[in-house]
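Below you'll find a set of structures to go through.
Same chain, two partners: chain A is paired with chain B first, then with chain C.
This part shows the complex of A and B:
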């Protein structure tokens, strides 16, 4: 099994519902976020392209944050989800530096925090909070190893990209373009 | 186990007991049972789920509030069966918990008093505050008549006070939602189709093949089902055409973005009609059967060629022709969207008429993928004696505007300023749930009116600017802490939704129904308030509908079958529209009789002088007007607005990204606070843009105070719509100042 998130930039309106849903679901303190919206504008008026996308930890297969963690707090579990065990984390920040997506932050209580793909919800058969609230339904989640899953089908049929592929991290958040 | 992890679990404790039985693709895939020990610890700590519908905006999405026994609200999740949200709230609904947790909330009644030579608010008991209001209302009734007491309102609290006012003998009632927002489109569509658009809009976006947005920025306004269905339309490969001087989010999703010169929309609409008729692309059968005035329309638009519109709108004739053909090819599954906030230039009802006529030509009203016939469930009135008939009210106050169908706030404000001509002297206001300072343009007039009042009460959950002017402030509890009326709105399928308290009211705040009842009793109006708890009213009303409070508490939303027939016209159906002629009126006799243009015309509007830029404003998806800026969750997403400036303009003025600037309008009005520059190609060089609702000047709004600029305070030029009294607000121009013009404003 290999969990992946697929986000359709053609539908995302950048409303940040994913951000606030993550905050209330995961008790992320005000002033911090595990996911966020990026806006990219290209061109000159009136020939402009705008891309809006929701970003978060890419749950990389080749995760630099896990490799550089001195305590083993950063680790990968079944399904390829990258997690941090907070009471094993010493807050050294090496993982924050190593992440090409800037997906990690220091929680006010000292440990490093980030997106968990809401694996506590997955255990209950629920989708990650961000996916479940999105009003545009631009976010999809599922198992890449299952060829019939929605995410597999979308990636087979639609043009897509990952962020910073040059970093060689093998990210698992995909953007339909 | 660290404390933070315990917090994490507390939030997600709900339903952990169901792990083993949940049938899903995920749990069978064997994720590490990493949280098992925490799950065990918290298995018994079940969160309560209480039904509500959201009050963070007017869409009123039904939701479940997840709270614990300690009175903390953990999260708010959309109700899956609700047609307003389909289980998915927008960021404001998800962040609605911040309305409850905001520690800047109004906490106790306040009475304006003189203390040591200074006017100040003094905390008061409810009895003291309510007795004072009742005695003032009685005094105004005895001296001037109940009509002289006016209600300015918005949303749920407004409804409870409306009942009180009508029982008391006044229907001098108005709300900014009409003359500052959607009034012109209701009148324009009413004159054409005999039906208001209403809310939620009966636009069949889900099934449309072509969606045309005229300045409407769905996706930045988060009118939930509109946003959801636009996304469905994208999935269905519908064509989106957006007319906007700014590359809005919706424009960026469009196949055709027409970057129109501001204030010229009617010229484009007329040219589109010209092409549809000239090239015989309109729905001839539909028009013959259902419309009247086609020949007059044909004659009228004969010379409004795309070439004529080109010089006005700056849109190339081939683009106008091409988009007209696209609309026609998709018709009748084409929607020329009526928009929502449409008080722009003062000829807004005529622009709405032009939009309606275009829909008529395309045959989209009453057609799948166009506009469906909406339906709602009617809720029985809880029995009370008939209301007394006032001698005058909102209709008389707005008598200069023959097509006004609701109270005109700006006329009511004008009637509050004593003068010899003023036949309708307003002496006192109750302002419920609306921050007039950030919704009513022309600040000078508003302040003059407030100065003239004998008495003013403000009901709100937050210390909005308007509270600072009140004699008495009543702290309302939030929607999460109270019962309110049953939601019944127009939709494809009629439905109702329940709002009940998830938690006890914080501080000394109270629901508006309770305030209205308390005042009613003090005014001798007991017979209008024959209940102890609003629950009794709702319970009775639900029984009339064949259901019960008990049932609604469990399901939150109940759907009913349609009774009015199909959502769409059937082939050869003889349908009578609710207009005078029974037909769709391309030519309006009603308008002609009163000397107005019976078919819309293009009028040239003022343009910015050298060095000035048109001030455009809009919405951000994470805020509603000015009311959410202090909400801790939503403020965290967007704490201030910025000024969109085209790079060419930035270069001329030597503006840098992120630099703070001040604004001064054509009348010398300056922004109270600086605003950050955002240099972007998404805006035309003749305009600047900001999100509405920022620039709060009440220091009691700890997060919002001094953050960003207020568009409303820079709107001193208002062009009134002669048909229905709407305030055209987009004829204001600003210059950009790089130095603080006053140097005295503490930021």
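This part shows the complex of A and C:
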């Protein structure tokens, strides 16, 4: 099992529905977010290219945040999901410094918080909150090790990229371009 | 033209627009940890080569400063944790891959060891101190007898502590300014140099001051060479490292780095120490204080500038 998210940048309209869904589902404190929308503009008018991306923790295979955690609070569970156990986290900030995607933050209560791929929903057989609410259905979620899953098929047939692959983290959120 | 922005209005405290996760206590700790590592290294070294008589400050009094630095440093580290009540989790596991875990364990051993070292000299440091309890006297004698063993333990521990203050930063490849292999040796050298400066400041023996002026001069030259190597490393590096280098050589931290760290903190004290060794009279307090101040500012520059640098995608 290797969970991955595939996001179609050609279908995303940047409505931020995924952001709000995550905040509601996971009780994210006001002023914080576990996912966000990045707009990338390239070129000079009238030759402009626009890319919209819903970004979050990339649940890296070679996760620097897990490597540098001094207590083992940051860990990887079955399916490759990177999680933080809040009563093992001392709030030292090392994982935040180590993340090339700035996907982690300090929860007002002190521990470090981030996207969990909604693993509490996965256990019930549901999709992550962000994926389930997307109005343009630009987000896909599934098992990369299963060649017949929607995500495997999309990655086989479409041109795609990951963010900052040069950071060497082997991210598992893919963007169709 | 190329532009990236958060359209969902992301503005997380301490994360956006650039990281501010590690504040002044971390810089202060990196300085004090390096200083303590240097002081304990010299104390142990001069004990092992049996030069205690010639260097009384190094082996006795400077160790008090090391203990106090370690305690203040530990308090500073604790102060910067945001989930403080769980700090004991550091000591329920050993994480070989995590520099911070190494540091936590080394600090747990070296801090009490430095206090025991001072205690082993208590009858000489505080001659009027009369240990009320007999067992304390016995314990002190036991420690004094085992001082050589403590010295052998302190050598590797102090080197690990000194290097750790640099590796703590260099292990993060997400922050290109920190992510270079030379930061560990550089911070160790800087820690040894600030320790030598401290010994010059507090020593009353002319021989000891002169000896440590020479040692400090050598360390400053090594440190300058390592800084040149660090800049060369960025220069030959990838785009993110070139951008990180700009902060030091042509950006917000250039004045702090070149004027306060390199010129006032390294080159100027080195020149003063050369002049002094030539036989001219220079108040030793000037180069020593400059080295200490330069070392402290260096830690602040690296911690603050490093958090601005990142991967762009």
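Quick notes
The working rule: the second predicted complex is superposed on the first by the 177 of 177 C-alpha atoms of A that agree within 3 Å, B and C clash if a C-alpha of one lies under 4 Å from a C-alpha of the other, contacts with A are read in each partner's own complex, and residues count from 1 in each chain.
Methods note: contacts are C-beta pairs under 8 Å (C-beta built on N, C-alpha and C of every residue); 3 or more make two chains touch, one makes a residue touch a chain.
Quick caveat, the model's predicted, so the values are computed rather than measured.
Of the two partner chains placed around the shared chain by superposition, chain C is the only one that A:167 touches, whereas chain B remains out of contact. After overlaying the two complexes on the shared chain, residue contacts for A:10 are found with chain B alone; chain C is out of touch.
In the superposition on chain A, A:97 makes contact with chain C only, not with chain B. In the superposition on chain A, A:134 contacts chain B only, with no contact to chain C.
By the touch criterion defined above, A:71 lies against chain C but remains apart from chain B after alignment on the C-alpha atoms of chain A. By the touch criterion defined above, A:31 lies against chain B and chain C together after alignment on the C-alpha atoms of chain A.
Applying the stated contact rule after C-alpha superposition, one finds that A:41 touches each of chain B and chain C. Touch criterion met: A:1 reaches chain B, while chain C stays clear of it.
Common to the chain B and chain C contact sets on chain A are residues 14, 16, 19, 31, 33, 41, 43-44, 52, 86-87, 109, 111.
Per the touch definition, chain A reaches chain B in the complex via residues 1, 10-11, 13-17, 19-21, 23-27, 30-31, 33, 41, 43-46, 48-52, 77-79, 81, 83, 86-87, 107, 109, 111, 119-126, 132-138, 142-143, 146, 149.
Residues 14, 16, 19, 31-33, 36-44, 52, 64, 67-73, 86-94, 96-100, 102, 105-106, 109-111, 163-164, 166-168 of chain A touch chain C in their complex. Of all residues in chain B, only 1-5, 7-8, 10-12, 15-16, 18-19, 22-27, 29-35, 74-78, 85, 87-91, 94-95, 97, 219-220, 222, 224, 227-228, 230-231, 234-235, 247, 249, 252-253, 257, 259, 621-622, 632-634, 636-638, 646, 680-685 touch chain A in the complex they form. Contact residues on chain C toward chain A in their complex (touch as defined above): 1-16, 19, 21-22, 80-84, 86-87, 89-90, 92-93, 95, 97-101, 103-104, 171-175, 238, 307, 310-313.
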